[in-house]
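Residue numbering begins at 1 within each chain, and the chains themselves are lettered A, B and C in the order written.
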Amino acid sequence: MDKEKFNVIVFSGDMDKVLAAFILATTAASMGMEVNMFFTFWGLNVIRKKKFTSGKNILQKLMNFMNKGGADRLTLSKFNMMGMGPAMMKKMMKNSKVPGIPEMIQISKDLGVKFIACTTSFAFMGFEKSDFIEGVDSFAGAATYLQLAREGKVSYFI
Amino acid sequence: MDKEKFNVIVFSGDMDKVLAAFILATTAASMGMEVNMFFTFWGLNVIRKKKFTSGKNILQKLMNFMNKGGADRLTLSKFNMMGMGPAMMKKMMKNSKVPGIPEMIQISKDLGVKFIACTTSFAFMGFEKSDFIEGVDSFAGAATYLQLAREGKVSYFI
Amino acid sequence: MDKEKFNVIVFSGDMDKVLAAFILATTAASMGMEVNMFFTFWGLNVIRKKKFTSGKNILQKLMNFMNKGGADRLTLSKFNMMGMGPAMMKKMMKNSKVPGIPEMIQISKDLGVKFIACTTSFAFMGFEKSDFIEGVDSFAGAATYLQLAREGKVSYFI
């Protein structure tokens, strides 16, 4: 029998929201559910390699220079304070042994969580497959994701 | 037999999140699902007519002057930069032939997506039915929406 | 027979989003559903007592001093304007007899809505059970919540 599905759209690239997504995803996987994480828009930053910039034209390069990729470079949804907030939060997480986003990616992969990168948003942002980390299982659009959501039990937009 | 329902609460008025909501909604409709979009709070801006302001008293008028309505006047959730971010994003979408929000509204209506405007939030924000575009199918409260969500398969809060 | 479950993760501590969560929760409870609200991250502020600060070390105390608790001290997700936005919004809600967050808490408790405080996030933020209001029904982690979500009908991440 197929496993129950837990699907989550990671739209946000904010460290705090992404952390919540990973806590739900890894918990669901530990409970024996099939977990699919669909990264889109700002959420693509979580699974982007750290590069100076990406994109095919100057506009995309400029946007993607501001909109930095890399799991350890995410900012907070509030109290960002020029990077001081994320640094404080990372320290607080470390002190309490809460895994950071790069560790969460590793734990998720170990638990068999599937990572899908949204091709719709990455078309207009100028990303290419080579801009993403190895852990990405597939590149697909909204229809693929919605099909999983229809078959699934619980699904969030974060 | 009734179609499977896809329901989405559009709470946000941020261009990027609203775009994600429309991509999901139009994709679900293309896949043969019944789609209901419930616009509430800042999301009401998406389906408001462009007027100088709205509201019944000075407080509401002031809030609604800042909180501008109109599908082509939405701002971004980040990198807003006094309007430069939204302009860049619109240009990037256009370059990649990704429809803008006004086009998304038209595509949604062509696909039979239902638009519901939340009467609870528009009461205290001082809106009237005449503040909204023609594409709105009904004006209803949270109970109507939740009934759809209970009958539905997939539902998001965006 | 068990009641249908409506579950909501209150991640945000923004007054406008929290208000939306309570409108959905109280409406679902009025419709006869079992309602569980799972407060996590910034959402914990909704159910925190008003104290000067909380936390076990200087870093947590500093973060929790900025990140104020108390249902009547929440800020808006936009138009915050040094507190002027929330004051305007509260006045608009009052004028239209829309309950504020402290009243929403009371209404929710009267309707039997269950409040769960997320122990995962409160570990690293340094909260203790005594930092929370009496209305909290239980303290639990993501696994407890996900189990409710699996059994439930509708579930949101706000």
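Just so it is clear, contacts are C-beta pairs under 8 Å (C-beta built on N, C-alpha and C of every residue); 3 or more make two chains touch, one makes a residue touch a chain.
These numbers were taken from a predicted model, which means no experiment stands behind them.
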- Message: To test your reading of the model: what rotation angle superimposes chain A on chain C by C-alpha positions, in degrees to the nearest 5?
- Response: 120
- Message: Same residues or different residues where chain A meets chain B? The copies count as same if more than half of the interface numbers are shared.
- Response: different
- Query: So, what's the distance in Å between the C-alpha centres of chain B and chain A?
  - Reply: 25
- Residues of chain A that touch two or more other chains: which are they? 156-157
- Item | chain C-touching residues of chain B, taken from the complex the two chains share | 9, 11, 40-42, 57, 59-60, 62-63, 66-67, 120, 123-126, 141-143, 146-147, 149-150, 152, 155-157
- Would you pull the chain A residues touching chain C in the complex into a rising list? 4, 6, 16-17, 20, 23-24, 27-28, 30-31, 33, 77-79, 88-89, 91-93, 95-96, 98, 153-154, 156-158
